[in-house]
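Below are two complexes that have chain A in common, paired first with chain B and then with chain C.
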Partner chain A sequence: MIPFLIILFSLTMLYLGATSRVEAYIKTLALQGVILFFIILLDYGTENIPNLIFLSAETLAVKGVLIPLVLMNVVRKNDIKREIEPNIPFFFSLIITSSILASGFYISWLMSDVAISAHPFFFGVSISTIVTGLFIIITRKKIITHIMGFMAMENGIFLLTLAIAKEMPFIVAIGVLLDIFIAVYLLGFLVNKIQDAFAGVHIGTLTKLKD
Partner chain B sequence: MIEIILFTPLILAAAVYLLNKKIFNTASLFIYSLLLLFSSVNLYLEPGSFTSYFKTDNLSIIFLIILALLFSGVSIYNFSYMEHDRSSIKRQSFYTVNILLFTASVAGVILSSHLAMLWVFIEATTLSSAYLIYYHRTPTAIEATWKYLFICSVGIAIAFVGITLLSMGLGGFDSLYFDELAQKAEKIDPFWLKLSFPFILAGFGTKAGLAPVHAWLPDAHSESPSPVSAILSGTLLNAALLGILRVVKVMELAEMGDYARTLLLAAGFLSLFVTAVYIGVVKNYKRMLAYSSIENMGIIAIGVGIGGAGLFAAVFHLTAHSLTKASFFLTSGNILHRYGTAEIAPVRGLLKGDAATGWLWIFTFAAIIGLPPFPIFISEFLIIKAMFTKGMYGTALIFFILLTVIMAGMAKNVLRMCFGEDSAAPGSGKSKILEWLPQLIFMLLLLTAGLCLPDAVRAAFEAAASVL
Partner chain C sequence: MIGTIANILFIILFPLFFTGCINRTKSFWGGRQGPSLFQPYRDFVKLLKKGAVISRTTSFIFAMAPSVTAASVVSAALFVPLLGKTSFMSFDIDFVLFAYMLAAGKFFTIIGAMDTGSSFEGMGASREAAFSALVEPGFFIILGSLAFIVNASSFSEIMNLSSVSPDLRIIITVLSSIALFIMLLAEGCRVPVDDPNTHLELTMIHEVMVLDNSGPDLAFIMYASALKMVLIGSLIANIIIPADLHPLISAAAFISIHLAIAALIGTVESLLARLRMTHIPQFILYMNSIAMVISAVIVLYVSGGLR
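Right, the complex of A and B next:
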């Protein structure tokens, strides 16, 4: 069941790499939150019930519901529909995302004899998710898409920490902190400020400061 | 003592928020700076700890004293700065609250004895300083804040990946205390350790302003109010660098020192190169200072990367750079106030218009480019010497050329601003005593360190270098 969920997760990343519709990004992120929730439920075991409840509830509430709702709110309020003119055409973007994913799987295959403490499959997919997130940030132009690329990267990091969740719950807990930090700060605060100041949430408008 | 450093700002911040009085805003910063100075001197005399997560050692005490000295200077300067600030009292209180929280989180980074705790506090510095950069609320300030928040968030996330990867390699002991990591460094799986270091370097390096992940730094430093630029440049960059230094130490003990040092050298030289390219063409003097911070972080990384005598030079350089750059930024605040612009071109005749600021501008410039007898000369000289002893003649030559190019680029701009007829609007005031006294004290401290370094101070630097 867990490998199936992880593959599903990696497919959502492919979709993120290829789509241009902003609302589709948000729905995909919500889906990722739900997938992560199920992975925690199935993988975490029952030794530490309070921790399990906290983690799974946080994942579902913040990643699955709260962040997508806030994002959707911002998108509807500012009437953002599509990511236009990315730096790389979507077709190539899809090819690059797929190759990142393929190398992720290749890494997990390579890792299967090195990785003692970590689940190799977790590792490969999460690394490719992190790289894809960075790729989305680099190639897209809208601020809102940048945030979503960052969220995807965030989800990848969360998947990575789940591999050591049992040994070091502390690490996962501060991963959760990172989550809330993003939700509160990047979203609630700045997107609206930029909208007010620049009348358009486009990274091209943020070019006053340069040398 | 550590309790005082970490908790008084919280109490003061609550009081500032509730009282909302101009006098109390500036006074609270001054009160905290005195407490910070007092506690850090105490901690220097007698190392302390607070819970298992915070303690001082020979390395962190240097960082703490720099923070305390610098913050004292800034809090004195702030009395005068706030007098001609035109924001509403509510915003000023919020500014004060954020400075207090920011300083406490920088102190938290410095005092952390646990890698994850250090990471949490670095995140806290981003949170608390975002408002400070945003303070003037101009479109460019928003742009700078956005870049700062976004780039640093990505950086922090990447550092977190690094910490997670490091944790994966901890065979059998699940602890991220620096002491324990150092003791059991050989037991860490080399594969994971090697994999984690580039992530940690890139992640903390983003906050430390090392190229190629420095993009936020010129924007944030040039848009924030001058006292904030001074503490950002003089303390935040150091604190983030401390995170890298701690991990380099573990790498060293795990016999991967060469690998870590090579990466540090690469980042350092890239920082110097980026600065050399931009510093001659910048049109804004605060951006010029920001690029100079990138340069100096690069020099420190190079010093650590060389090793040997370079370690002492790196610690010495770090201290000298913090004090020099803080007084440079504070002086730039005077210029900004007098001429009303941060552009280089319209500013002329600083020496005729406002002699105190003009001479400070020239002397801090001399100190930052490392003219003797200022301490940066000594540290750069020691780094070159360390390169020679290791037979890295080519590296030393490149280092020297890059430093010269940077010096020429800065000199062109700084000197042009100082001479000629005064171009300020008639009636622009001169700087008041509190606007040049802190810089003067920093300069005197630096001169003392450059001319005759007291033995106790030298011993403290040597002890810090031996921790590395």
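Right, the complex of A and C next:
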């Protein structure tokens, strides 16, 4: 079941690579949170029950519910237009995302020779998720989509830590939680402020900043 | 013997019922009572009784095209495992012939449309050719990967996935169902690729190519496009249904999966808008990306020792 969930996760990244709606991004991020929740539940093992409960509850609540709600709120409050407006056409965006995913699978193929306890899909999909997140940040024009690319990257890092450290220390989990939360919160405020100042959240306007 | 007769009846009768189910689902979402499930049969018979009007600018190709299209789709149906997972004939690499039988039908529709000399029909023909060229690689990658994992090369053997481990099987089933459903929407010219109800030539793909056909020709075109959807739906059903079921149960599951697909198409058609023409290639490209994922996963499982 875990390989299936990881593949499903990779498909959501494929969707993020070429969809044109801001709200679809937010819903996909929520879906990723739910998928990560199920991966933790199935993968984590039962030797450390409190840690498992904390980690899964945190994933579901923060990644699956809270952050999407905050982002949705930011989008609605600022009247952000629904279109993403990438720098390159969606068609090429999708081709590049697919090739990143393909190289991720190549990495898992390399990993599958090495005897490790984790499933090789973990590595391939999480590394391609991180790179795709970076790609989204590079190619999209809106600040809000930069936040979402960052979120997707964070999800990839989370998946990677799940693969490497089976018993992720409590403090790391809290750190990740805090990191994400502060990022989204700060960036949310930032978007609000920029909206007040420039009436249009678009990085094109930021290049014209003057004293 | 009984299986063969049932399959013949299935090929002849079911496609129009499938169309009826789609229309009924659409009327359900629209809050209407809707036409009878058997309305497509009545339309079919009505069209057969009519005479055909053939433009004087056309040549023999235009008159021939609809019949050739219908014939090639029916011959493509001979290779697909239908009710009870039995097909009429089966030989090595028959899925290539299946794809090219469908392509031959499409080719004749296209040159039939070009033959009318209408600029709109030429435009539709060009779109149809472009989009179906995008569908083909995905189809071959999926079928090739499945052939690779079951180590066989004919349709009826490829569709027997019982030797595959459950972990891999669920991945293959879900991903290839999604990919083949996108193929179904693209090849069957349904929303979001094309709207079968629209009558504005600028936005049409398939419908614009058959604007000049009438009477029995139109009946054949209707039947052929319905049968094409049923055939691609059959691939989805074959991948989902396990091979070791009792033939009757398997046939019942086959029909119900088809009905579910019809309901899904009707639902998609009612809830989604047609995509902009520039966004269609990327929608179809999703199918190729998913096919790429399927083949990557299969190669990993086989050569990476995950089996």
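One rule holds for everything that comes next: the second predicted complex is superposed on the first by the 179 of 211 C-alpha atoms of A that agree within 3 Å, B and C clash if a C-alpha of one lies under 4 Å from a C-alpha of the other, contacts with A are read in each partner's own complex, and residues count from 1 in each chain.
Note that in this section a residue touches a chain if its C-beta (ideal position, glycine included) is under 8 Å from a C-beta of that chain, and two chains touch if they have at least 3 such contacts.
What you see is a predicted model, and the numbers here were worked out from it, not measured in a lab.
> State whether A:Pro3 touches chain B only (first), chain C only (second), both chains, or neither.
In the superposition, A:Pro3 touches chain C alone.
> Considering only touches as defined above, state whether A:Ser98 meets chain B (first), chain C (second), both or neither.
second
> Applying the document's definition of touching, compare chain B and chain C: which contacts more of chain A?
B
> According to the stated criteria, A:Ser108 is in contact with first (chain B), second (chain C), both, or neither; which is it?
Only chain C; A:Ser108 stays clear of chain B.
> Given the touch rule stated above, what does A:Leu11 touch, chain B (first), chain C (second), both, or neither?
second
> Should A:Ile174 be classified as contacting the first partner (chain B), the second (chain C), both, or neither?
first
> With the two complexes superposed on chain A, say which partner A:Met153 touches: chain B (first), chain C (second), both, or neither.
Only chain B; A:Met153 stays clear of chain C.
> In the complex, go through chain A and note every residue touching chain B.
It comes out as residues 114-118, 130, 134, 137, 143, 146, 150, 153-154, 157, 160-161, 163-164, 167-168, 170-171, 174-175, 177-178, 181-182, 185-186, 190, 193-194, 197-198, 206, 208-209, 211.
> So in the complex, which bits of chain A are touching chain C?
1, 3-4, 7-8, 10-11, 14-15, 18, 20, 90-91, 94-95, 97-98, 101-102, 105, 108-109, 112-113, 120-121
> Taking the complex as given, what residues does chain C use to touch chain A?
Touch residues, chain C against chain A: 167-168, 170-171, 174-175, 279, 281-282, 285-286, 288-290, 292-293, 296-297, 299-300, 303-306.
> With touch defined as at the start, can you tell me which chain B residues reach chain A in the complex?
Contact set of chain B toward chain A: 116, 119-120, 123, 127, 130, 139-140, 142-147, 149-150, 153-154, 156-157, 160-161, 163-165, 167-171, 174, 189, 191, 218-219, 222-223, 278, 281-283, 287.
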